[in-house]
Amino acid sequence: MKVAIVGATGYGGIELIRLLRQHRHVTEISVFSSTQAEAPLTSTYPHLQDVYKGILQSMDTEELATEYDVVFLSAPPGVAATLAGNLLEGKAAIVDLSGDFRIKEPSIYEAWYGREAADATITGQAVYGLSEWNQEQISKAKIVANPGCYPTAILLGLAPAVKNNGIDMTSVIIDAKTGTTGAGKNPAPMTHFSEMNESMKIYNVNEHKHTPEIEQQLSEWSEEADAVTFTPHLVPMSRGIMATMYATCTSYSSAQEWIDVYKAAYEAHPFVRVREDGFPATKEVYGSNYCDIFLDYDARTNRLTIVSVIDNLVKGAAGQAIQNANLMNGFEETEGLEFVPIYP
Amino acid sequence: MKVAIVGATGYGGIELIRLLRQHRHVTEISVFSSTQAEAPLTSTYPHLQDVYKGILQSMDTEELATEYDVVFLSAPPGVAATLAGNLLEGKAAIVDLSGDFRIKEPSIYEAWYGREAADATITGQAVYGLSEWNQEQISKAKIVANPGCYPTAILLGLAPAVKNNGIDMTSVIIDAKTGTTGAGKNPAPMTHFSEMNESMKIYNVNEHKHTPEIEQQLSEWSEEADAVTFTPHLVPMSRGIMATMYATCTSYSSAQEWIDVYKAAYEAHPFVRVREDGFPATKEVYGSNYCDIFLDYDARTNRLTIVSVIDNLVKGAAGQAIQNANLMNGFEETEGLEFVPIYP
Amino acid sequence: MKVAIVGATGYGGIELIRLLRQHRHVTEISVFSSTQAEAPLTSTYPHLQDVYKGILQSMDTEELATEYDVVFLSAPPGVAATLAGNLLEGKAAIVDLSGDFRIKEPSIYEAWYGREAADATITGQAVYGLSEWNQEQISKAKIVANPGCYPTAILLGLAPAVKNNGIDMTSVIIDAKTGTTGAGKNPAPMTHFSEMNESMKIYNVNEHKHTPEIEQQLSEWSEEADAVTFTPHLVPMSRGIMATMYATCTSYSSAQEWIDVYKAAYEAHPFVRVREDGFPATKEVYGSNYCDIFLDYDARTNRLTIVSVIDNLVKGAAGQAIQNANLMNGFEETEGLEFVPIYP
Amino acid sequence: MKVAIVGATGYGGIELIRLLRQHRHVTEISVFSSTQAEAPLTSTYPHLQDVYKGILQSMDTEELATEYDVVFLSAPPGVAATLAGNLLEGKAAIVDLSGDFRIKEPSIYEAWYGREAADATITGQAVYGLSEWNQEQISKAKIVANPGCYPTAILLGLAPAVKNNGIDMTSVIIDAKTGTTGAGKNPAPMTHFSEMNESMKIYNVNEHKHTPEIEQQLSEWSEEADAVTFTPHLVPMSRGIMATMYATCTSYSSAQEWIDVYKAAYEAHPFVRVREDGFPATKEVYGSNYCDIFLDYDARTNRLTIVSVIDNLVKGAAGQAIQNANLMNGFEETEGLEFVPIYP
């Protein structure tokens, strides 16, 4: 399998390289960049010395379309929208890690993203790559819209409850916490070490663009789906997302019943671990493709509390992208992804 | 003002020393300990060299009752319950930083704390020391039950909404995040640096003992008060609490109306800052007695999101204790507490 | 005392505001900026809401020279060099926190700083503000060159050994570690949280511009002074410097003898604490103007190891600047600086 | 290859599990503990759910000696000394990660470790497992004393300079910095998050027990070897060691010459990367078995500055242990160890 990565200088891009290095079916990895072409990747990322010797190549859509089996697009917003038309004419399976094709309805995309939506034909063709729940569609797809980091943790956490009609869909509140790598490689005041360490922040309250992505998927799962409250926070750590989700219950009335529902839902899915005994910490999935879930039911308030944790750069980005590429290519879903979490 | 601190080796205790050193009316600070008597405090806390030369004295209730103007009790659970009876016979104003006297109803105390409640007569006498809202009662009190760190942030955040009957009291969800000093000085696996750094944790879901303290105060403010969902998280930082609170609105329908309500409520209170423009980060109150609040209203869900941040050791413990002692002694409320946040 | 701060939007500038707020002789603080004039300081630093209400004023050298008693210059390199000539004609005492006037020899300045040296007349007039060792000169000075953060920790640590001729001056090696605030407010890849957390870095090996500043002062203390090895490191914390210094001994042969030498040297200096028993951690001086020192002598190698810690923004910048302004104005050296370290 | 791990509940133990899971020749991993037998490992380390299902077995020396091909001893000090005699009679290759067999001279061991030395016959038989420099001996060994974390970084950094007789052996000063995992799993005041975050510490000055281990190896490489100064520091991060080493040069007089010497020395060694261009940060080897080295020569002082970084739990413990087991078993040195550093 010949693989191309477009936008390899971002954190999603180098995480793809880290993971693909362990993939048994990958024979070649090429990296492309529109902005830094001709430089060795090690000049941006010296930790790749002796690991990856490739030079950043300037974009050549035709080469991408014809020479590679899989093209991962991890470029900034808008780049995939421009490239995808031509790429779709070639042989490569396409996995887009940007948000360009996630939102089906252009007006919603434009309202939340504040930019023009991609060609609706392409977006229509793109399968939403929530691996555990769209497995069949993904395996037949030519292009996959890889989910956002927050939606991955949140949707995996909500799915069994929603699909079992166990919660009041108007009551869903999501309080999410992320490490700083979610904000990308570019230095900015919000993620400046001096002002981020020893600090807990909140941002984009009621206006984060992952909101419509979450709501769109929920509405495919339930006719009762409604607007959700989604609040992102920034935590002084590099990697990890924890989503704490609250909903009023309409069925079941004990934590154990709920745990059983979740265990049944994820039994066949190696990357989702419904925890045996106690809530997970983000560090317990660090560097791995796991999503760990646990929950509690509170009889006093009749509310369910669901907690879901992932490594935002793995299951929340590069790991799930490879999982999807595996499905698209008929490989084992877990190929190249069986990393044990780095702990501590 | 002669001051005694019982339990000076805990984080609350040394924070009292730090703050009282700037207090113009304090003439003497004595420190007492039941476990480490006769040692200089600097042998536990070398950062106090040249600052505080006192020796930890063994407990002498009579001396405490008769020699001091204010006694701060920052000892482990149960110690204050044992001491207070005798202390109340003396002249000292008493501020208890433990949870021994916060819960009025013994059965509720025992259910959540898992230990015997203190003498109901004393608890009945103890005024709940939420300085901004109980000012008058505090100023007449002989003994004050200083609020817990979480309840301080949460109740200051909820008060104007609750007292204005602006929210549905059955809808209150509190997602709170704290730094590790809230867990105290004793090393434990949960706060071991190796396993806490780069990790976001959740704990005591639906069973944290600050829950009844929050509900008790809410029920004094509103007849509609109901059980709340309160979820504490542990963040990789030493100091700081952020409480993110959600409630369905029953009146007002814009963020600005809500901000006006809050500004009016706290106009006369120098330690609560309703923020001008944007949500606060915990670092923005670091080391200070401020509680910073901001909020947003979401028309899509008709929900209010309130965020409140404090330094858990200052406004959440030692700072508010001194603020209460000031009120009890007729000093300026702000005396000894006018620290500017350390930033960054 | 009317005070002006030029360059108040940097970390040194706001630290001056934090400290000056506690200074009993300060009646007014004005802030000036060449780049962001007319904005309230709170738009950059919301933690100053209700604390500091001033508007950033555009630079007016004449006003600075005539209206203020003290002018603190904490602007970027080169600004002080431009302003000082005019300011010196006015009444204000000037404390420059930039490096513009620290190096007496222009060719050395130019070799290490890579920019043109300031007017030699002004540099000649500027007294090096290492408060503990230049007290007399500082108290008579019109303009003080406030020491760099590293040189402060290092020179206070080396002074007694050097002045007692106790070490071989050709053997001095300084391994220094700093928090990220030393790198300033501008976001940069090196201090991007995602790449700085969980990482220890080294930078400017053998070429840091604080090297000649250290050597210049050593050569005033000892005729044997020679080139030193100085290696700066960046540690994942916001505040704090630890300098670990090594030298071969030419006299004394026990740790205790050395400790006695140091205790004698700093007996009269309230901000330097020779530790009683054990080496200091940086957190033990956090937020305070202390410099804590301890040392050990190793008979196996005949080497002295001296460790010195400071808060880089206080004793390493704003605190020492105020200490110098106090000396220049005949106030108590400690005025406005008696903060207890924030611990933990 | 059947593998046993004694002391699997420590950080070294679980890191062995993480790495061995990727090792193609490992067919079985059993874990033993003297203190927590019969419990599933996941009750201590929930991140291993679905990854490692083994139960901690109580120690059975005979089983260890006869049933396994490799026994990794990662138990507390003294345990290996007790077990090794019996184990040596069995078939297993033994790699001891404790310090029990590193020091050849019992009196030196006892002076630095403050406990009785192991049986001299066994210690005599144990080969020091610095993989890159003792490859041949290791491949023939029955028992390997795996190097300490600090000595690994330090000796790999010093070796080429020492073996080329390029430095004055009386001038060697080692300033080393480690993350907290080096201090192990047991919670302690020194590594309590609240007091470790935002703090730089120094400990065991001139008395760390890795000192004689370093000196012993240096004296095998050079007749001029002498006592070294070795100073360990604790940095607020979980993983990583940076050793900054200083020595006066006796030959070569440019950084480039030195880099060439180092490149030649490590050309054939895949886990030591002499960096192309600039000093390494610890995060650049995070989670990997790499040791990255860079250096500078300063003509002003005629000193060489060598910097070496490792992940203390990988190349400094479990990774090098597996590397040694590979050599002992005739596998590829890199088997199971080709992880790309996790960055950021």
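As written, the chains take the letters A, B, C and D, and residue 1 is the first residue of each chain.
Keep this in mind: a contact is a pair of C-beta atoms (placed from the backbone, for glycine too) under 8 Å apart; a residue touches a chain by one contact, two chains touch by 3 or more.
Values in this document were obtained by computation on a predicted structure and should not be read as measured data.
Engineer: Is the C-beta contact count larger for A-C or for B-C?
Structural biologist: Top pair by contacting C-beta pairs is B-C.
Engineer: What chain lies farthest away from subunit A once each centre is taken as the mean of the Cα atoms?
Structural biologist: Looking at centroid distances, C is the chain farthest away.
Engineer: How many Å are there between the centre of subunit A and the centre of subunit B, using C-alpha atoms for each centre?
Structural biologist: Comparing mean C-alpha positions, subunit B is 39 Å from subunit A.
Engineer: Can you compute the centre-to-centre distance for subunit B and subunit C, using the mean CA position of each chain? Integer Å is fine.
Structural biologist: 36
Engineer: On a C-alpha centroid basis, what's the spacing between subunit A and subunit C, in Å?
Structural biologist: Distance between chain centres, rounded to whole Å: 46 Å.
Engineer: Please set out, as single numbers or ranges, the residues of subunit D touching at least two other chains.
Structural biologist: Counting only residues that touch two or more other chains, subunit D contributes 11, 179, 181, 194-195, 197-198, 236-239, 283-284, 343-344.
Engineer: With touch defined as at the start, can you tell me which subunit B residues reach subunit C in the complex?
Structural biologist: Residues of subunit B touching subunit C: 11, 14, 17-18, 21-22, 42-43, 45-51, 181, 197-198, 238-239, 270, 273, 275-278, 280, 283-285, 287, 292, 338-344.
Engineer: Tell me, which parts of subunit D touch subunit B in their complex?
Structural biologist: Within the complex, subunit D contacts subunit B at residues 11, 179-181, 183, 185, 187-189, 191-198, 236-238.
Engineer: Within their complex, state which residues of subunit D touch subunit C.
Structural biologist: 173, 175, 177, 179, 194-195, 197-203, 205-206, 227-229, 231, 233, 235-240, 242, 244, 246, 279, 281-284, 286, 296, 298, 300-301, 303, 305, 307, 309, 343-344
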